[in-house]
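Heads up, the next two complexes both have subunit A, just with different partners, subunit B and then subunit C.
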Partner chain A sequence: MYTQALNERIDGPRVVEDPEKLAAFQARIDAEEKIEPNDWMPEAYRRTLVRQISQHAHSEVVGMLPEGNWLTRAPTLKRKAALLAKIQDEGGHGLYLYAAAETLGVSREELYEQLLSGKAKYSSIFNYPTLTWADIGCIGWLVDGAAIMNQIPLCRTSYGPYARAMIRICKEESFHQRQGYEIMLALCRGTPEQKAMAQDALNRWWWPALMMFGPPDSESVHTEQSMRWKIKRFTNDELRQKFVDATVPQAHYLGLTIPDPELRYDEATGHWRYGPIDWDEFKRVIAGFGPCNRERLAARRKAHEEGRWVREAAIAHAEKRRMRERAQRLAAE
Partner chain B sequence: MTTIRVEETPHLTAILRLADTALVLSHRLSEWCGHAPMLEEDLALANIALDLLGQARLLYQHAAELEGKGRTEDDYAYLRDAPQFRNYLIAELPRGDFAFTIVRQTLFSAYFHPFWRRAANSTDRTLAAVAAKAEKELAYHLRHAGAWLVRLGDGTEESHRRTREALDALWPYTGEFFEVDAVSRAMIEAGVLPDPEALRPNFEETVDRLLREAGLPRPPAVWMQSGGLRGVHTEHLGHMLAVMQHLQRAYPGARW
Partner chain C sequence: MAEQPMPLWEVFVRARTGLAHRHVGSVHAPDAEMALQAARDTYTRRGEAISIWVVPSSAITASDPADKDSLFEPTASKIYRHPSFYEIPEEVGHM
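Moving on, here comes the complex of A and B:
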């Protein structure tokens, strides 16, 4: 992790690509070939991927915080172990994704600096607080559930290292989703107080979970090109609908009410139709004014600052050891 | 459910000492999750915490069998107050900085790695099975902490100073490893527990080797802290339990 990769700017100048190369590239994409790190790729493709993969990595890492908030208060040893293992998985996802981003010529340090400076974005969902134990259930059920909807198509994304990272990650996310649902089930079968805790958490997490799929297609700037390059395979609204269709019956099975008075089943299409999403809230949270944006970034910065002396010590030790070994070799000659 | 009253026998007490120590240290390590100096350490410390938590659970389940009152692992963890906890004091001290955690893990693992290796021959078959698993885990914990101890001791002036301070702060808590009271004497004689005196050479050899590599002085012989094994703790354990047990205490009898 201490290596210095070749750092290039993400928001570089507009690059005019060779039309022949572009056509050949598009033909490979259309033929469902995987693009690998050493292959030629348009600069805009590379930048789009770096942005998307690093945002995803940051989300995994920031996402450790809201759940970590309940690690010391998990109500049973089994739940404590499962939660710790889950958060550890999320950190692992962050690592694979940073590694995938590094194959595109940006170092993890540079990406991480962008997170700490507030320049890079991460999923808006992690700017909401975890107030009760039921929130841990809701995060697994809804947040990991939404992540799976987003990520399953990414297992077939055109960039090889990203697709391969996603295959591994998706397996773990679906385990997290089941685990979260199981927490909800225990609460809904528990005491009236526990059931109320579950409903309260659903009331707070439902809409932010729907916002995880990003702005509606009518306002999404990145979708069209990303679809052509097969970085994305479904639009935001398509994925959101899939999520709603999968989740509503699960809520009913729990005996919980989805906090949407307009929610209704559309017989003709077989879809659950949901009411309007508060996109102002979404924009506000993305812009830094969610309930926990400050705390989340402050926690990441604090850990980074407090860890500085440790990272410096590791580098200093490695350097000293190299010097000692060289001195020994010279003395032996 | 309110606080349980455990009827301790020497055997049960011996198992609870090990279980409580593993749980309490696991809890302290889990406090790093999401806040470590680098992502790799978030993962490594969580791994170690998970190993210790796994050991604690097996040991509590064993305690429940020994007590024979139909209790669960959670009853011991969540429904006893601090004076009933039997852990070594070293496990409950607040997490401190990264040097403190590394020094604690080094000292702890330098003792518990040989401890579990010997306990694999325990006349208590369940304990022996836990020991066989724990020995492998502790071998990794010791490698991880030892490698960091050397990096920090040798690294920079600051890392050396912090590590040395942590060592001075923690050293007085190593005496408890070698404390033998009537309970442990009976269990040593019954072949349930290894005799800590027999582990001392191994502990000292490991610690001396790592300190030498790290360029750190061996702390002088000092007055050793004591009390955890009989439930006389530091001020910190009560706070930890207040947080850890909160839900079980606030919603008595609820299932989670």
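Moving on, here comes the complex of A and C:
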């Protein structure tokens, strides 16, 4: 998902935890108690959360770029206003999440620096280009649809600030998915050329959307521990299957074909079975060699650098005003 | 040069009249005025508020979770603070 790159080792010194505290912590988790910022927690729990929440935040922020590409070329004023509002939401989601991560004792500046230096990862999905307007429809329908699938269980995650941020985010994501599907509907009910454009976008986004859920359970290093700590509630493969089951009928309603010759309905289980996923492509994109990785990071760095003087000026102005007010107060005394 | 950290503010919003302001999250901003604007954009994009407070996070003094028992446990034994502790004959009616 937005945190699919979790499949790497966590760095940092090994910490030997007090077994008694560890047991008490696990008992709280098992009793469905929420863990709050100043509560005792194992160092590995804290590190996992910082990494997961910050990857999630980075994904929201980088996710604004592929959609921003179509802002000035949206087909109508209505579509443009909706897209603008959606992109603003993504920025807001990034901010909720950075704030949640900061409760674990890291600063937003530090986390952002990790993104800009390429040390931190973000979702592979945002390294694909948005070539046509139909891509904006596919992002809302599939990418936000996959995000919702992953994020609804995260509303019950064990860390309080993260769970609360996810509740806000989920409320807002549902508009994103609906606006995307509506774009697809309009194209599919349009001219043959428009429908072909919708099919082309689905062909390009389907497999990357399935990869959003991360590596298969058999290769997922952290799933088991994250499930025990209730940071994660479902495995990657469980969520991926839920997504496929929900999405295939939606594609059929549009009259579109899922680009998977092996896709078939399994009567016995009621699930749609899909063909093999190209995990080499996934690894390439995560490692930095997707179609747009460089462009995305370059755009973020440029925005951050060009905004630097504004941040510095704002801090200097606030400081100057504080000094002036203090001088006036002293003069009045 | 390392970037100077932006001050942190806690955000409280009142959803409608008659309700108390409730903590919703935090924002970074150089001063109170910009913190209010950032809070508006971040936490009230869908009519969630009719009023916002921002408070410098450094101005908040919080109790230590480790003191939870000594601070709050004593109240558990004072059942005479609850109305159900007192027995009133039924004939008296609702009280």
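Assume the second predicted complex is superposed on the first by the 321 of 333 C-alpha atoms of A that agree within 3 Å, B and C clash if a C-alpha of one lies under 4 Å from a C-alpha of the other, contacts with A are read in each partner's own complex, and residues count from 1 in each chain.
Basically, a contact is a pair of C-beta atoms (placed from the backbone, for glycine too) under 8 Å apart; a residue touches a chain by one contact, two chains touch by 3 or more.
From a predicted model like this one, the values you see are computed outputs, not experimental measurements.
Undergrad: Which holds for A:H317: it touches subunit B only (first), subunit C only (second), both, or neither?
TA: both
Undergrad: Looking at the overlay, what does A:Y96 touch: subunit B (first), subunit C (second), both, or neither?
TA: It touches subunit C, and subunit B stays clear.
Undergrad: Once chain A of both complexes is superposed, is A:R264 in touch with subunit B (first), subunit C (second), both, or neither?
TA: Neither subunit B nor subunit C is touched by A:R264.
Undergrad: Mind working out whether A:W133 is in touch with subunit B, subunit C, both or neither, as first, second, both or neither?
TA: first
Undergrad: First (subunit B), second (subunit C), both or neither: which does A:T72 touch?
TA: Only subunit B is touched by A:T72; subunit C is not.
Undergrad: A:Q88 in the overlay: touching subunit B, subunit C, both, or neither? Say first, second, both or neither.
TA: In the superposed model, A:Q88 contacts both subunit B and subunit C.
Undergrad: If you stack the two complexes on chain A, which partner ends up touching A:S107: first (subunit B), second (subunit C), both, or neither?
TA: In the superposed model, A:S107 contacts subunit C only, not subunit B.
Undergrad: Which subunit A residues lie in the overlap of the subunit B contact set and the subunit C contact set?
TA: Looking at subunit A, the two contact sets intersect at 85, 88, 92, 95, 308, 311-312, 314-315, 317-318, 321.
Undergrad: Can you tell me which positions in subunit C touch subunit A when the two form their complex?
TA: Subunit C reaches subunit A through residues 3-6, 8, 25-31, 34, 41-42, 45-46, 62, 64-65.
Undergrad: Would you tell me which residues of subunit A are touching subunit B in their complex?
TA: 1, 61, 64-65, 68, 71-73, 75-81, 84-85, 87-88, 91-92, 94-95, 98, 133, 183, 186-187, 190-191, 193-194, 299, 302-303, 306-318, 320-321
Undergrad: Which subunit A residues qualify as touching subunit C in the complex?
TA: Residues 36, 38-40, 85, 88-89, 92, 95-96, 99, 102, 107-109, 164-165, 172, 308, 311-312, 314-315, 317-318, 321.
Undergrad: Any idea which subunit B residues touch subunit A in the complex?
TA: Within the complex, subunit B contacts subunit A at residues 23, 27, 30-31, 33-43, 46-47, 49-50, 53-54, 56-57, 60, 73-74, 77-78, 97-98, 150-152, 154-156, 158-159, 162, 240, 243-244, 246-248, 251, 254-256.
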